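What follows are several structures.
What follows is a pair of complexes built around subunit A, which joins subunit B in one and subunit C in the other.
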Partner chain A sequence: MDPTRGAPRQIPPGADPTGEGRAPSLLVRLLTGVGVTAFGVLLAWAILSLPPTAPGLLHEVREHLPRSGTKSMVTAVLINFRGYDTLLELTVLLIAVLGVFVIRQGSRVPEPPPMPLGPLAREFIRVLAPFLVIFAGYLLWAGGEHPGGAFQAGAILGALGILLRLGGALPDRAWGVLTERLVLTIGIFTFAAAGLACLAWGETFLTFPPAHAGAMILLIEATGTLAIGLILVLLFVGGSLAGTPPATPRPTPEAEP
Partner chain B sequence: MTTLLWYALVGVVLLAIGFASLILTPGILRKIIALNIMSSGTFLILVSLARRSPDPVTQAPDPVPQAMVLTGIVVSVSATAMGLAFLLRYYEATGRLALPEDDLPALDPAKQPTGSPDGPPATSSGDALTALPPHAILREEPLPATGGSSRPTSGEAPTSTVLPGGRHRP
Partner chain C sequence: MNHAPVLVVLLPLLAALTSLLLPYRLAPWLFSGCLAGVGGLLIPLYQRLIATGVFRYRIGGWGWPLGIDFYLDGTGFIMLAMTWALLAGIGWYSLAYFRGRPAAAHFWPLLLLVWAALDNLFLTADVFNMYVTLELLGLLSVALIALAGTSDAFSAALRYLLAALGGSMCYLLGVAMIYSASGTLDWVFLRTVLTEGPRAAMALALVTAGLMLKSAIFPLHFWLPRAHANAPAPVSALLSSLMVKASFYIALRMWLWIFPGVLHTHVAGPLLGLLGAGAILYGSLLALRQDRLKLLIAYSTVAQLGYLFVFFALSMHPEDVTPALQAVVFFALSHAFAKAALFMGAGVVQRTLGHDSLDRLAGCAQRLPQIVFSFGVAGVSLIGLPPSGGFVGKYLLIDTAIRERQWFWAGVLAVGGLLAGAYVFKILARAMADGLSPTFAPHLASITAPSHVLPDGAPKAAGDTFPAPATVATGPTAPTEGPTTSFTPPTTSAPDPGISRHPTPAPPAAAISAAMTAVPAEAAPPDRGLVWSTWTLAMTAFLLGLLALHPLQMIAIGAPETGPRLPGSEILK
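Our next item is the complex of A and B:
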């Protein structure tokens, strides 16, 4: 039925074999080169002409740091002073992962099976996994005083999930639909709920009262870590891992957010 | 010139390289990578310029640009993932890796079997797809199953098709 079955498709002369389209014309290349060089030179000149020191926003941050509920300036800016930004940041992540779900849902090409890793790599992942969980927890906790916090800890959890996926320990339909949806949205829900709770203390939305700010930031960051980790894994997988497990019992995967 | 200014200038170079690549390369995947290089350059500029306002006690840089870069990385990652998902979908629908305005007229529709319902079946579904303008295929999603001329659906007998990337599609 298909004469070319089993053989690579013949690329006709004149077609580009990579399917990546045609290179731009010489004029476009010249103009782009000149324009981009001018842009770079202008930007470099702007940076070089800046005064070597600037007041910045550091003093404002230092001034309000005691009332922010955390000792880390970056965390204070991220969760407290610019809370709107981070709340919408989590929303961006959620929209992205939902978009990937929708785009990939109509896919007709089945995902290639995960590359079988050798026994050494699998054993390495097995040894590494618990340490990554501890490391993520440490980063989350350290975010109260040092660099660290939800995004860094979430990135570690995401890396752990990707490793488990590549090692075959994170199968399709790894968890229930409800669990996945809950963890995906828990970061936003907690953040928004904490922001709304500020209203009860007579503050405005996302203005954490200093007495409770520390606990609220920790709660927001802990739930945000779980959500960010799971979202990163699902962005890597390119689809949902939720579903009812098959009839044959599988070994339960490593604990994942 | 201080070290931090050097980092900022490296960021400018990265930004310019990514910008040029974004314009000059027709392939979507390369454009996505170029956007990532551009955002890396931007982040490098931002964090190095944050050093211009150090803490008088701890010498820690301005925390606000750091927080902005932290959130910017997240946007970059999620935009990249979504772009790659779009690219995969586009490739599955058209067999092409470039947008129509950047694409070559890869196969002449008049000389190739285009897989019309009455005509002879195409030599492979990849040909039938690339012979059509990509946006036409996207609009007519899903294509009607007409013998071997359209993409194999799940109900059909399995036929092996090699897409332009050399990837087998069962």
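Our next item is the complex of A and C:
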């Protein structure tokens, strides 16, 4: 039995809301086990009964690929055919960061400083950093024809930021509040602006004209890469790296042990 | 205004992003601008819906099955209008609630994003896009609950996050099954494409289980009371009125539009109905047992959500589901207004009195007459008395049950109304109690009582639960003075805090002044924005029943089994 799957149900349904930390009774655990097992068996049965060749949309995607502005099917689906989903998914990532900001604001617990790395590791990061930037750019560009694109390139940029943070090269208050907010939102702004530009052409939202689709997709992916990279770094750091905004003072350093 | 459907989503979304870049003092202005803008966009949507019926909007221009479409019918429009009206009320309230507080910097962008996500949900025709919306709403709820900044709120937010993730994963798995079985994700067309079999059954089970977890239906409601009770008041109102309706809305689409054409859903409908009945009884009984106002209201949400699921038992009849659909959508609508007003009122009480303990609400009616009036009026809607919106919703549900000769469900609905009456009157009785009586009367009654019980009670009164009155009460504490002027309450050792508050043997004048300050008269009166926004939403819930006719006609537009079997087909050609 997978213990994580039953985890949210460990509170018995009738539990008193103040009864936190109480171990669930044997009956509840037994019922949870039986329920999860039955669920797994049913799921396996349903999945096994799926036809070997799913009636997917591969044919449709191939048919419309020439008009999508990209040669990669994944990119075409992500940015063009179902670009609206991706626009909202970028918003999901932004909200995750906003949630971290909220929690950091209310928290009185100071973040422990990152573990110091040795000189060898720091030197290695210094050598690696420019290559990671180039690699991210390559992945972004390659997304036009092969698997790749904004999410992969953004993940590389995020990894670079994490390495820099661990190596001590990315201090607190590394940049201004406005810069940080601008980069966080620029992916969604560009995406929405590109979509709204289509209205000027007399099309519906996000209907890229085939002649300009390639350039628009590249622009959307480039700005998306920046935003995703920064979002991943901020999620790792667990808070803003911007200078202190005047209205919301940070916890003072003497609170640290 | 051909692009009104997508602009309704984009306007709040872009305003939220802009508010992150501008000084946060400007955020309420952006919000007001959005209210005007979205309100203006809803008018052409309404006109088009009335003139031509349901319609589609193709995002990306690809259309079904490749792209994502928006699809608007009467139910969707009512939900959009409800979102607009409630956010107007909650925004008005939040303006006063968050004034001068650092949380405001975070609150307004999040509120605008909630708006965009809800509008998107009620417009999209794509079940995967609905999943993305669920993720948006889930993460937004976590951030909004955490705005309270207390450790209770953090733990409630984390618990909600785990529950929401579980629910979303279940839903996503179901959507994956739907897609692999049918090759399309558009809920309007799914009923024609999907075929019967274990896949469809499993998909429906997964989707329903996930949505039940997210909308806190009875055995899976464990996360709701703490999350809704620990959030800041405007957030509680938002969560209890709109957020839980989001996942119910998806369930409605699944059970009424997609799967009746595919599966024998009438077998499973009564099961959901039984869970709903359990929620009504269990939630109401637990609401009666609470001693905190916000927890009582939160458990009332658990109970009221039960009605929404009892509907699934009533709707599983092949002839015509429109009356039942009208009933449940209207019920959801009026519950949203009533519940938002209750939580907002609870927020005012908490601000003014410094607590929301039901046992110490005495005198509330004198100090906060509009708020207690709002409690009463919103409570009327929860109970289901005329002319409130809740009455129309509940009446139509019972009417459906009786016409289908489903006496059991009619009985459940009636009992639920009685229980709702019990917990609403519990609030009202405490709030309307005379401010002096629970503290002062025992003193008079116990003039001759022995005073040796004093040492038991005195430390308790000076304890941490009553910081403000205790300083007044314990000031003249000198047990040696006791025997001469013994105003000691007879039941000092009882746990009732209202009585054990003044165990000191003070002279009568001091006792009176202490009793007066027990209802903290020194606190400033609440902000007028807080009071009147609450009052407005409560009155809306109360008078909604008088305006019910037109919304009910709207809901029937595009209802399943009316008109063509496949709503929207005439547009797609």
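The criterion applied here is as follows: the second predicted complex is superposed on the first by the 220 of 257 C-alpha atoms of A that agree within 3 Å, B and C clash if a C-alpha of one lies under 4 Å from a C-alpha of the other, contacts with A are read in each partner's own complex, and residues count from 1 in each chain.
We take it that a contact is a pair of C-beta atoms (placed from the backbone, for glycine too) under 8 Å apart; a residue touches a chain by one contact, two chains touch by 3 or more.
None of the values given here were measured: they were computed from a predicted structure.
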Just subunit B (first), just subunit C (second), both, or neither: which does A:V36 touch?
first
Using the superposition on chain A described above, determine whether A:F189 touches subunit B (first), subunit C (second), both, or neither.
second
Touching A:V61 in the superposition: subunit B (first), subunit C (second), both, neither?
both
Look at A:E203 in the shared chain and tell me whether it touches subunit B only, subunit C only, both, or neither; answer first, second, both or neither.
second
Which partner does A:L235 reach: the first (subunit B), the second (subunit C), both, or neither?
first
Now for A:P24: first (subunit B), second (subunit C), both, or neither, which partner does it touch?
first
Applying the touch criterion given at the start, work out whether A:A159 contacts subunit B, subunit C, both or neither, answering first, second, both or neither.
neither
So in the superposed three-chain picture, is A:Y84 touching just subunit B, just subunit C, both, or none of them (first/second/both/neither)?
second
Contact-wise, after the overlay, does A:A96 reach subunit B, subunit C, both or neither (first, second, both, neither)?
both
If I apply the document's touch criterion, which positions on subunit A are contacted by subunit B in one structure and by subunit C in the other?
5, 7-9, 11, 14-15, 17, 20, 43, 47, 50, 54-57, 61, 82, 85, 89, 92, 95-96, 99, 103, 106-107
Going by the contact rule set out above, which residues of subunit C touch subunit A in the complex?
3, 6, 10, 13-14, 17, 20-21, 24, 57-62, 65-68, 102-103, 105-106, 109-110, 113, 116, 120, 126, 128-129, 132-133, 135-136, 139-140, 142-143, 146-150, 153-155, 157, 159, 162-163, 166, 173, 177, 179-184, 197-199, 201-203, 205-206, 213, 218-223, 225-226, 282, 295
Flag every residue of subunit A that touches subunit C in the complex, lowest number first.
5, 7-9, 11, 13-15, 17, 20, 42-43, 45-47, 49-50, 54-57, 60-61, 64, 80-85, 88-89, 91-92, 95-96, 98-99, 101-103, 105-107, 178, 181-182, 184-185, 188-189, 192, 195-196, 199, 203-208, 245, 247-248
Name, in rising order, each residue of subunit B that touches subunit A in their complex.
1-2, 5, 8-9, 12-13, 15-16, 19-20, 23-27, 29-30, 45, 49-50, 52-55, 60, 62-64, 66-68, 70-71, 73-75, 77-79, 81-82, 84-86, 88-89, 92, 95-99, 102-104, 106-107, 121, 123-124, 126-127, 141, 148, 151, 153-154, 159-167, 169-170
Residues of subunit A that touch subunit B when the two form their complex:
1-9, 11-12, 14-24, 28-29, 32-33, 36-37, 39-40, 43-44, 47-48, 50-58, 61-62, 73-74, 76-78, 82, 85-86, 89, 92-93, 95-97, 99-100, 103-104, 106-110, 151, 228, 231-232, 235-236, 238
